[in-house]
Structures are given as structure tokens and as C-alpha cells.
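I have a structure here, written as C-alpha cells, and I will follow up with some questions on it.
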Amino acid sequence: MSEQNTYLPYLMTIEKVIKEAPGVKTYRLKFQDEAEAEAFEFKAGQFGEYSAFDEGESTFCIASSPTRKGYIECTFRDTGRVTSGLASLEEGSTMGFRGPYGNVFPMEEWKGKNLLFIAGGIALPPMRCVIWNALDLRENFKDITIVYGAKTVNDLVYKSELKEWSDRPDVKMVTTVDPGGENADWKGEIGFVPTIVDKVAPSAENTIAIVCGPPIMIKFTFPVLEKLGFKDDQIYTTLENRMKCGVGKCGRCNVGKLYICKDGPVFSKEELNLIPAEEY
Amino acid sequence: MSKIGVFICHCGENISATVDVERVAREIGGMEGVAHAIDYKYMCSDPGQTFIKEAVKKYGLDGVVVGACSPRMHEPTFRRACAEAGLNPYLCEMANLREHCSWVHEKSEETTEKAIDLVKMMVEKVKKNKPLDSIKVPVTKRALVIGGGIAGIQASLDIANTGHKVILVERDPSIGGHMSQLSETFPTLDCSQCILTPRMVEVAQHPNIKLYTYAELESLEGFIGNFKAKIRLKAKSVNYSTCTGCGACIQKCPVKKIPSEFNAGLGTRTAIYVPFPQAVPNKPVIDRVNCNYYKRGACKICEKTCQVGSIEWDKEDEIITEEVGAVVLATGFDVKGTDFFPEYGYGQYKDVLTGLQFERLASASGPTFGEIRRPSDGAIPKKIVFIACAGSRDPAKGIPYCSKICCMYTAKHAMLYQHKVHDGESTVFYMDIRAGGKNYEEFVRRAIEEDTVNYVRGRVARVYEKNGKLIVKGVDTLLGGEQVEIEADMVVLATAGVANCGSEQLAQKLHVSYDPYHFFAEAHPKLKPVETNTAGIFLAGACQAPKDIPETVGMASGAAVKVAALFSNDELVREPVVAVVNRLAPPLYSTCVGCFMCETACPYNAIEHEEIKGRDGSLIRTIARVNQGLCQGCGTCVAFCRSKSIDIQGYTNEQVYAEVMSLLND
Amino acid sequence: METKYINKSGIEQWFNAIVSSGKRVFAPVNSRGQVDFKPVKKLSEVADEYIQTTQSIKASVYPKAEVLFSYEKVNGKVNLTDFDPESVAETVLWKVHPCDAAGFKPLSAIFNWDTADKLHNAHLVKTSVISFSCAAADESCFCTSVNGSPGNTAGSDIQLTMLPDGGAIAEILTFKGETLVALMPNVFEADKGEKKEKYLVDLPTRFNLEEVNAKLNKAFNSTVWKEQSERCLGCGACAFVCPTCACFDIQEDAHGSKGRRIRCWDACGFAMFTLHTSGHNPREHQSQRWRQRILHKFSYMPERLSVVGCTGCGRCSRACPVDMNILEHITSIAKQ
Amino acid sequence: MKKLRDRAAELLSQGVVSLVIGYEEGTKRPRPLFCRNSEGAEKLIFDSHCFHNLAVYITKKELVGKERFAVTAPISTLRSIMQLYVENQLSEEKLLVITVDLSGELREFTTFDEIAAYVAQFELKRGEREQEILSKIEGMTREERWKFWMEEMSHCFKCYACRSACPLCYCSKCVVEVNRPQWINPWPAPLANMEWHINRAMHMVGRCTACGACGDACPVGIPVDLITRKMMEDLAPEFGYVPGQPAKQGNALSSWKLDDREQFIR
Amino acid sequence: MSSNTDFEPKIIAFVCNWCTYAGADLTGTSRLKYATNVKIVRFPCTGRIDFLLLLKSFAQGADGVIVSGCHPNDCHYTSGNFHARRRWIAFRSILDLMGVDIRRIQYSWVSAAEGSKWADLVNNTVADIRALGPYAEYQKVADYLEKEGYNEEA
């Protein structure tokens, strides 16, 4: 009986490095072992534990779509020991990955619905995975609206993709920056995300809203959606509690009887109502 | 931080003769994060620097390590080269392969391995380097000079003459200081007032100098280039804008028996007074402690006398604020009084004087109009004894230092006495004669040889009065400790020069440090004698230590140049090697818990209290903040901070840790 | 399951046989003024008079810090070396209290409820537990209130109940237990029919677990957490001595080109435990952390993992520098 | 005792303070008590068994809130309060300090100067336990000391009870939690434990008041208090500091003398 | 442990920029020779040197440490070396209590003019540490996570 060591990471090669914004990078990772690559599967919404050897592990979502095979991508900001260790790697370097962990966005259930994506700042990556997933299976969904905002123009990530999305006729793309964050060339909206959502959101009828962003943005976006007629089971978000193991053991992300790493990170607002709000 | 370029210099053969430089470059080239590694004959040469610049561009380097000579030699060179290529200069470090390796070891495997280690260490450091920008501090181009003695006068004039505004603050009603009290000056015996008063007038008339007499510094806030000085203008009770300085009020003032400060207590003055005839400004103030009106509520004779109605009885102290960019401290010194010496009669014998009092006796403007007369009975003393080192160089008296000026002025006093009292007999008791200075030794020699002053090497044990004479008991150590007893008519003590009263409080107001004797401390005893540890505050004259006039004037001009240099740019540009307190997003704000032990440890008073306030304005926490204008980058606070909340740019915890680890990991 | 009798000298012979079999034997030893499990070679080293060891057998079964895997960087590549279950030494724990042995169930529940934890399981496989039923208890003991008892055999491979003659009733409970017996089968005699219960300490239940559970289900927003936790200092003593606390941390130990990833115990009582990089802390206050500790053991675990996260050993109460007496606190919640 | 309870009840009911931190009977010995009303005050006790250093609570903002509060303080707590005061962690207006003096009388302090004057009467002496262990350590060779402490350190599991119990460990982020760089390895290995305790002692130089709370709190019985105690005893006379009577202008490590003595710098 | 002549001690020197680093530069310009075992880490001032760095050096395998800065009164920052002196007095006292071999830390004042003193300091320290042998007592515990590990080897 050879048991798998959950904590042993896959070895990944950094295939491509994209500098997204100050301190924010996207890495495209390829499995070094072909068999592992072959066996690997994940779904939109899942996350992983990424390791910089010498520094440790850090948790973030898989930012690429499961429809794009052969690699995964992650986007992270250089904020601590591990992320700074990751940031110092370059193309061709080896890093570790454990995953996929956590639950998924119920994309199957959303078939035939309108999708409204609302994201703020560095929280676009988990959304990006779903967006590409939906766009790659475009025929499954009706109208797709994306509202994305950041503090300043500089802080917007995935700039080329933002352009790609806004150029598509089958996507309604709205980008915004906080007042004062604009520059001379800025052609998007100016204002906080909740305000813009209020302005541009489609009807709640047959629409699913997916919200990712800092707690403060979520806090102000939920009431706007409610006002627009969204029911709790029409609103989804992902939580980013502190995690270490990623597999429901280490105890950090335990909120109520749930483990965010196992029962989440994706929650509908309906599910969120069941756990104490002060602890996530 | 992952594409490091490494450049190994042969330094001709200085390095390559003992270090296998090719091997160093080769091995370092294989290190993680090193994108490019080469060796070259002279990295500091033009082609060498060009290699670096080109590599920075070609490989998109984000860090450079030059393995060459000491960074104390060429760090600026290579940092400039990097900057020219568009790389932040603080991402360039040097490994010292010459002074610390090739020159001190023989050619060997170990030497090359050490060189590799030294380069490795800097590579690991550079990986943790962050781009830094020079610190720019705006400069207010006005100077505050505190003290209107010769030091303050000289500094003010020198600064004013460079075109900058000066605010000169003097505690007394007139500028002039101790120098205005002196009779003649050594070693030339020219009249002190004759050389000083023109300067005083120049100060008063200089368009760039704003003079506040009868004023004191209340507080000083801010930092180099940006001080806010609060100055207390003490109530003069006389309106200077209308007063003509006619002096009628002084004539009529009924309170006439106040000991005159200017005459060191040997003469008297009135309650409304001008300290001395050549005073600047030459207008009176009312001494409220002694004035009949302020004491008893009645008199006002001066008011009746004044033709122009300048007396202002209800005038109160006024506090004004001046913004200045630099401060010159020129508060001078004081001398110990005769009452400090029990062995010389506790100051009870009227004819035991201090040197300063003797100056007044010898001065043409003094109470005796320059005649040497005994304060007790007005008689001309026929026998006079000068005692040098009264207090100075005497640890038992708490003054272990040499007051420096006494030897010279004692010789001068004896000489002046001999010139004025031709049949007089003068004796000087001394410990050593310190006459280092241009024409000083010659001057003393003249006193001894031409003016027949009797110099006795020895201490005076006692002075006591007997039958109207002062009995001076001492020993002559040159004659084997023989007892000497002189019946003198007058004894002059060269009492120790000490810090001016209030200097400790002033130092605390300014946050400058002071020595155990309350003289202000210079930033470096040799290399920064006019700077203090607080950037932007400079020292001139005897407030730093006792000194004579030429030295004082020299130091004042030195301080003035420092101020002028500071004022020569609109902004002060400093190396960013300064400490910073970490800041985090709310609700953490910082890991600093505000124990402020760093504040007590900082030699430069660079730690400030920063109040973190909530949206409602309530105080959340008080944390430390480093004033980058004041911080000199020693890093003592960094090693001291328990929670590692302070770090020093250029030598961060991560950088030095990486260096140490790289030396040991293999 | 088989019950036998073993006499006093038989116990010693058997003990010696276990030691000579090459297995590591850990038993309570009195040293430095404390009784704790330590490697022993002789029965005489084993402590006699004590109620509870300071630390639970968790400290003997698992290393305080364990290498999950190690790695070496060679020419830009990384070579991993997996944890080897065979590197774990065969260990026999001697004179374990039933409340300690009972801790394996909640521990396994946590480590294996979803993905299996290879390291945990390797330790379990290599560990045999010889428990001694309890003839004494103190005011901190409350196993009987949390589904346990002084003679609880859960988690034990063999349980001995000491008899006045120096011999013991030996309940051989598992295959591992039989293997240990097989090291010296002849000292195990037929059961003499002594009733085990006669020799157990009488420990009345102090609260009703269902009742507590029902109360806790509604207690999230209660003020009780703040009231109870005021004196709590926020250290991790309770968690580190607990036989069921399993919160852990993963850390990196790197030296040059080599490194290893290390797991070590952590504690939910630490302020930094849940702190996000952003500075947001979901359990910012000590009262929230105290609530988490209690709810996790007495509400979340029973609900989620069907096992109560407390064996009533009372160690946390004894270890607490400020007398955060868990029994007192739970009892007071039950009475609310 | 009655006087104390009455006074506490009075302070609380009159709204002079919103909280009284004191002691109550515990399972085996007195434990800290937080009274917010006069009923709570009935449980107050104060005797020689009240060992906990309550100063540890008065820097916890979530506990003491924004209003004025009182603390009943034995001498060890008073010493810590003085140290916290010079470290800018306390404000005079917020804190009312109550103690029971040797004659059994209640004394209240509203200023830190009063506390300093009171504390000055008490000399800090080694107790029996400290004497016993320290003289044992003092008699050891260097190698024996290393062995002794390594054995002790091998028991440490880094629960940080020593840190939590110490009133002077009030940092919001302790150096062991700093990971850039990772100065002290966070796992409980013998050397990592040793580094932590050496670090703790260094951080206590000129600050430790030898209250013994750290050693008392250690669940595995490591005499950690004796590390800082011995350090304090060795260095206090050298650096001229008196526990409980700290100098406002800096502690032993943030100040210096021109003639600090040493024989090891060559 | 007997002294081992083949043993090449690893020694790290923590020095201040203004005095000792410059002094070591002078050693170089004077072409005075010393042992290769010592590697210098530069700090702005001895006041900057963290005691934890000394501990970490031993944990990572250093056999000896040199700490050197300006003579009293010569500090570029006037008092960094006085702060450092106090810190080392305290640190030594604590290390000695814990049984750490304080002979392995050599403190010194070397001015910018004392190039030959630096060479002597390095050579003497290398000789002293060589006589003491590797600091195995400390290094071996550094690697082990459990007490049992190093006890068995001992």
C-alpha cells in the first residue's frame, strides 16, 4: 500500500512570466512530470498551494481556465516571505504546486443563464479562471457582463486580456478606477465598483452574479445586488482565509463547522449566511 | 530581483595575481539568479564601465555586483555607471576583492575561494536590495543665531554677507558679550571695544540681520532646513520705535545702586539702564526686579522725564515664531565667581577679584576709568598676585579641564598692571604656562622679561586677610616646594571658564547633546567640531569649550560656512541610508508598539512620535517615525528594536542576514 | 478480544521482553519535578505516584517538528525526497491513560477525514498502546463526561488493570496487542474472573455532553466567551498538552541548496494563527479564539467528524498559567 | 479583604472606574479576576498567594477599553507597571493602582511617582527556589551549563506561555513571528528553543523586573525566569538600574556610560 | 576536543564601515598578510550589529565570530560603539549563563589607522579558534529537530 503524501508538491517549471502591475506577476506553470500533467484535472474556482523552495508555501487560486490544457497559471502580489521568494524566480525556474483544492463554481448549473462578473483589484485572478471558462464555452451562457475596478490604472491586472474582453462583441466589459486613480489616457469609468455595478448591471432575471474582491468591496456590492433584485442563491463569491495545509486539517480556515479550503472557497451568498460573518 | 550581473575586476594584476579571477566569474556565473558574469582588466576604466552599462541594458539586469577594490574607493563610480544605464544606483554593490583579499593573502586556492565567497555574499545581498531614492529636504534659507557675543556677531555677519537672512537673538539688552567687557586683548594689546564696536554697529545696520535683544529662545521644533523657533521677547518697558536713546531717563532714575553686570559687579547702574555706553542698541530697558514702580507701584520718574513718551509700563513678554533652516549656537561661557573658592575667602575679601573684574578695572570705560584701584578703599595696589588655574585642572573642584584662556589673560593682566602701576610688584602663581598660539609664547615672555612679572610655579594654598593686607600662602615647586608668603594688596583669580548658566536647559530645548560640564557637544571631536549631533544646528565659540577670541571668530566663520553651504541649495539631498519604521495597512498600521526606546537610543533625535488616528479623529496608537532629515543612518535603533519594526535602508535585516547566510551555506 | 491475568513478575518480564525486542518504549518518568513520557529501558524507571503526565502521548507519537519531505536544488532543478514511513521507529507506549489512548480517534478523524495523512498514519501503524486503567483521578479529570471512562479501552492495544497483588488484568484488544503478548506469551495466565470495575476510580459525570452540545449550537453570539476568556493570556499551553489538538503549521528549513518542509504543532489560541497577509484577522480577539477552541472540540467536531474533540484528561486546565479550567467553563455553559 | 472589596465596589458603582482587575480564588491557587460590577467585587481577594503579574492585562486594549480602570497590584505588578510606564504603554489618567501594604492597609496610587516611591521600599531578593537552582547553575562548568540548558530546552514546545505571561512582552508582532528574515526558527527544536530564550533574555535587559511570571507559566517546568533573573542580577548593578525604578531617559541598552566596564574587547 | 591542525575554522567578522572596515582596507594597502578564514560583513556602525546575527552565525556553522568597530569616542555616529559595548556586555553574560562558548566571539576596536592591528586580530583569532576546534557542540544540535537525534550520536 503506497499512500500519497498530501504535502509533497508537484514540481512545476515556470514557462512564462507576465508583470501585471507593480508587485503583481502571473506565472504560467508546466508540470515537469508528464504523467502528472496527464492525470491533472481541475475546475473553475479551485486553488492550490504554491511553493518557493527555501521560503515555503502560499495559497492562491488557479487563475487559468480548465479549458486551457497543459498548464496552469497563478497571479500573486509580492507581500511576504513566500510571495517574495516566488517573485524572485524567473522563466525556467522550478517551483512547487499542490492542488487542486477546494470546491468549484457550479458552471453546469449556470448553463443558459446570464453571467455578471464583479471584481476588484488583485481579486480578478479567481474570476479570470471562470471568465475564460465561460468564454471558451460561450454557447452555454447568455449575456456576459464584466465589471472590474482597481484603485488606479496602474493597479489593473491582465491589461491585455481586459482589452481582449472589451473588444469582444459578446462581452460587455466595464473597467473602472477609484476617483483619483485615473490618468490622462483613461477611457473607462471612474468610481467605486459598487456604484458602477448599480449603473451597468443587467437585470437580475436569470442572472448569476460572481463577486470577488476585497472585503470592503464585497460589503458594499452585496446590498447593491440585493437592490437590483438578486436573490442570495444568485450571488457567488470566493473567500480567501488564511490557509496552510489546503486539505482541511491544519485548522486555520475553520469557520463554524466549515473548512474554507474544503467546503469553499466558492460560496453562494445563501451558503455564506450559514456561517458566522465575523470569522471570514 | 533575479537577474544579477557580476563584474570581476583584475585591477591590472592587483587582484588577478593572487585570485583566479576567471574561476571567480565562472563559478559565480553558475549561481542562482546570476544572469551574467565576466572578468575584465580594469572595471573602473571607461571600457570597464561601458561593459556594465551595456550588460544592464542587454540582460535587463536588476542588480549589479562589482568584485574589485574597496567600496570606499569606487562605490560611487560604479553606482553612477549603473544609474547612467538606467539601473537604480542602490542596486549596485561591491565585493572588496583587493584590500580584503588579493592584497592580504598569498596566491592560493583558498584565496580564490574566499574571493568567490565575498562575491557570493554581495550577490545574495543585492538580491534583497531595493531601489532607493535620495532624500530631499526643503531648506528655509534663514539662520537663527543664538547669542550676540563676538561668536554670534561674527557668525551673523558672515552668514548675512553671503546674502542670507539672519535672526540674532541676545539675552541681554545689548549685544557684545564678554568681549565688550575686556580692556585690551592679547597678544597685541589692542583695545577690545575699538575692534568690537564697529562690528556691533554693523550687525545693527545690516539689512540681512534681524536683531532681537533682551530675548531668549523659548522652544525649537522641526529639523534641518525646517526649524520653527519660538522666541520670547522680554518686555523692555521702553518703546524702541519712539525712544531716541537720549538717556535722560537714566540720569533721573532714583534707583542707582544696582551692581552693574557689565562691570562684573564693580560698578553700579540704574533700574532703567543701558548696560554700557557703546551698547547696541543704545536704548534702555527697565529692570523690573529693581524698578521702584514695579516693586512698589509708585515712581514713574522716567516716564515724566521722557520727552517722547516711550515708557510702556504694561508691556508684556511677547512670543514670536520664526522659521529658520539652520541654527548657530553662540551662547558663550561664564567664569566662576570668587565665592567658589573657600581657600581664597569665599568671595568675602573685596580685593580678591576675578580676571573679568580686573578687566573692568583695567578698562578705560570701567568703574575706575582704567586706573587699577582696590575696590575696598580705592588705593592703588602696590603688590598684586595673580593666581592661574583657579578651579581649572582641578578634579577636586569638578573642573578637570583646562580653561585655555587664563594663562594668556593672566600674563596680559600682569603686563597691564605693570604698565599702569610702574612701581608695582606683580606675582603670578601658575601650574604650567600654556601659550600655544601665534605670538602667544612671545607675549608671555615679554611679560616676564620686559615687564618683570614674577612667575612662581606653584599652587596657592590659602589667601586670608590680615591687617588690611591679603596674605597669599603658596609653594614654589621649582624651588623644591619652598613655602612662599606674599603680603598683597590685591589678588586676581583666573577663575575657570564654565558653561553659561542655562546652557543645559537650552541644550535640552534644542535636543543637542552636552558634555558633563554642560558645554555643548560637537558631532565629532576632530572632523565635525562645529556641527552638533542634531543636523542643522552648529556651534560657535566658547559654548562648546573655553576658547580665545581668534579661535572663537574662526569657529564662528566655520559655522557660518556650514550654514551657507546648507543654504546653497533649495533642497538638501541626502543618501537614503536612513532608518524607516515599517507601515502596514490598517488595522495593523505598523508592528511598532511605541515603546520609544529607540528614541532614547538615537544620538540624533531623529525619532518622532506619530499619532495614528481613526476616521473620527480619535487616537488609535502612537508609533515611532524616523525624521529622514535628522537620521544619519547609524542603525543603532535597528539592532535595538525588539519587534524588528525599524530597518535601515541599504543595510536591511534581510540584506545582512542574506550576506551572513551566504557565507556559511555551502 | 481476550482477557488474561499477568502477575507482578510477569509484568516485568514482559516489559523487558518488549524492550529487548528493539522497539522504543516510552513510559511516564518522573524527572525535573514533572512526569512525562520518555524512552525507558527498565520498569523501575516508570513513575508511580501521579495523576497525569504533563504532556499527552501526542508528544511521544509524533515528533515536535516533523519533516514532510526534503529537497535539494541541483543546477536549477529540484529533487524531492518523500517522507519514508519506514523511517518511523516501532514504538510501544507503556502506561498510557485511557483518556490519552482515546485521543487517537479524534486525531485520526482530523488527519484522515478527507485526504489521508500519510505521516499521521505511519505513526499510528508503528505505535502500540498499552494503557493502564485509572485507579485515581483529581479535580481536573472528567473523562466520564465526554464518553470516556477510567477503564475505557478505545485506542488501546492492551489495557492493564492493576490489582492489589501487583498483578494485572490484561485485556488484549487488538492484533497489535496480540503481537506484543506474543513476545512473552507464557506470562499471561488465564483470567481469574476479577471484575475490572472494582479497581477503577469512581468519577461521576460532571456535565451532560448532549446538553452542552445543544447549548453550544446556539451560543456563538453569547457573552459567555468574552466573560470566560478575559484572563486568558493567549498562549498555546492548552493546545500543546492536549491529546486531541491537531492544529499545525507548515514551515521551511532551508540551508543553501538543501531544504526541508517541516510540520509543527500550532495553536488556535495564538493571535497570529488566522491573521491574513492583508492585516485582516477573522479571529482578532482572544474571546473569539477561546470560542473557537471550545466550539471546535464540543460542537464542530461532533457535528462534522462525529467525534468529540475532548477526552477529559484535564491537562489544559492543569497546564494553564491562569487557571482557565475547561471543566468549570463547560459546566457553566451547560448550566446556562 | 473587606476593605478592598468595599472600595472596589465603590469605585465601580460610582463609575470612577469601569473595571477592577484583581484576584479571586482559583482551582488550586488564586487567579486573575475581572470585575465590572460590585457583585464581581465580592469575589476579590488579595494575599501573599496572589502571584500572577496583573500588569500583563493592562496593555491589552480589548480588555481594558477606553475608560479608567483599576488594578490591585502586589509589589511585582507595581514594578512592571513602572517599567510599562517608561515604555510609554500606560497613561496616568486611565489607571488607578491599588495595593495592600504590609500593615494590611489599602493604598491607592494615582501617579507613577507615588508608585516609584512606594516600590523603592522593597528590596528584590532571591527566593528559596531561585537560590537553589541558581546556585546549582552557578557551580557548573560551561559545558555543564550547556548540557543543563539543552536538556531543559528540549522540553520546550513553544507554547509561548512565558511570553504571554510577561507584562513586558507586549509587542503586537513578536520577533519569532518575523519571517523576513526568519531570525528564529518557529518550530520547537532544541536550538531554535535556545535561540528564542536567549533572544527573550536579551530583550529583557534593563527591563526585566524579576517577577517570575514567565517561569511560573511554563507548563513543562523550564526555569525560564531564572535566565532573565540571573541576567538582571548580573547586569543591574553594572548598568545601574533598579527593577521597578526605571529611568525615563532610556534603559540599560538604550543608554551608556563612557566608562562601562568590560575586559573582553581587545 | 583536541586541536586539529588540519581544521580550517570558519570565521565571520562583523565590522563597522568607518573604522574597522577602513582599517582592514589599510591592511590591504599596506600589503600585510593574514589568514583567509575570515570574511568581512560590512555594517554602518557596530551599533547596527544585531546579536541574533551572531547566534545565527554559529547555528549555520561558523566556528568563530569577530565583532569590531571604532575605539570608544571615535564612533562616526558618536555613540554607536558605546551602545554596542553595552549590548555585548549583556549578550556575553547571557550566553555564558546558557553555556555558549563565549571564547568564540572576539570583540575588538580597530581604527582606520590600525591596519596591522587588524591583521594581528585576524591571525590571533584564527589561531585561537583553531585551538578550540570546530564548534561541533553547537553545530550538531542546529540540525536536529528532536533531542533524541543528537543524544544518540553523542
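We just call them A, B, C, D and E in the order they show up, numbering each chain from 1.
The rule we apply is simple: contacts are C-beta pairs under 8 Å (C-beta built on N, C-alpha and C of every residue); 3 or more make two chains touch, one makes a residue touch a chain.
Because the structure is a prediction, the values reported are computed rather than measured.
Contact with both subunit C and subunit E is made by B, D. Note on connectivity: the fewest chain-to-chain touch steps from subunit D to subunit E number 1.
Touching subunit B and subunit C at once are the following chains: A, D, E.
Seen from the C-alpha centroid of subunit D, the farthest chain centroid is that of A. Averaging Cα atoms per chain gives one point for each, and the point farthest from that of subunit E is the centre of A.
Taking A-B and C-D together, the chain pair joined by more C-beta contacts is C-D.
Think of the whole protein's Cα atoms as having one middle point; the chain whose own Cα middle lies nearest to it is D.
Between the CA-based centres of subunit B and subunit D the separation comes to 42 Å, rounded to the whole angstrom.
The distance from the centre of subunit A to the centre of subunit C, with each centre set as the mean of the Cα atoms, comes to 39 Å. The distance from the centre of subunit A to the centre of subunit D, with each centre set as the mean of the Cα atoms, comes to 47 Å. In this assembly, the C-alpha centroid of subunit B lies 37 Å from the C-alpha centroid of subunit E. Listed for subunit C are residues 64-65, 73, 76, 249, 251, 255, 262, 278, 280, each touching two or more other chains.
Shared contact sites, meaning residues of subunit E that touch two or more other chains, fall at 51, 56, 60, 73, 79, 83, 87, 145-146. Residue positions of subunit A with contacts to 2 or more other chains are 80.
Pairs of chains meeting the touch criterion are A-B, A-C, A-D, B-C, B-D, B-E, C-D, C-E, D-E.
Residues 32-34, 36, 54-55, 59, 64-65, 139-140, 230-231, 233-237, 239-241, 249, 251, 253, 262, 264-265, 267, 270, 272, 285-286, 317, 319-323, 325, 328 of subunit C are the ones touching subunit D in the complex.
Across the complex, subunit A is touched by residues 1-3, 33, 127 of subunit B. Across the complex, subunit B meets subunit C through its residues 32, 584-588, 665-666. Across the complex, subunit B meets subunit D through its residues 588, 591, 593-598, 600-601, 622, 640, 642-645, 653-654, 657-658.
Per the touch definition, subunit D reaches subunit A in the complex via residues 179-180, 182.
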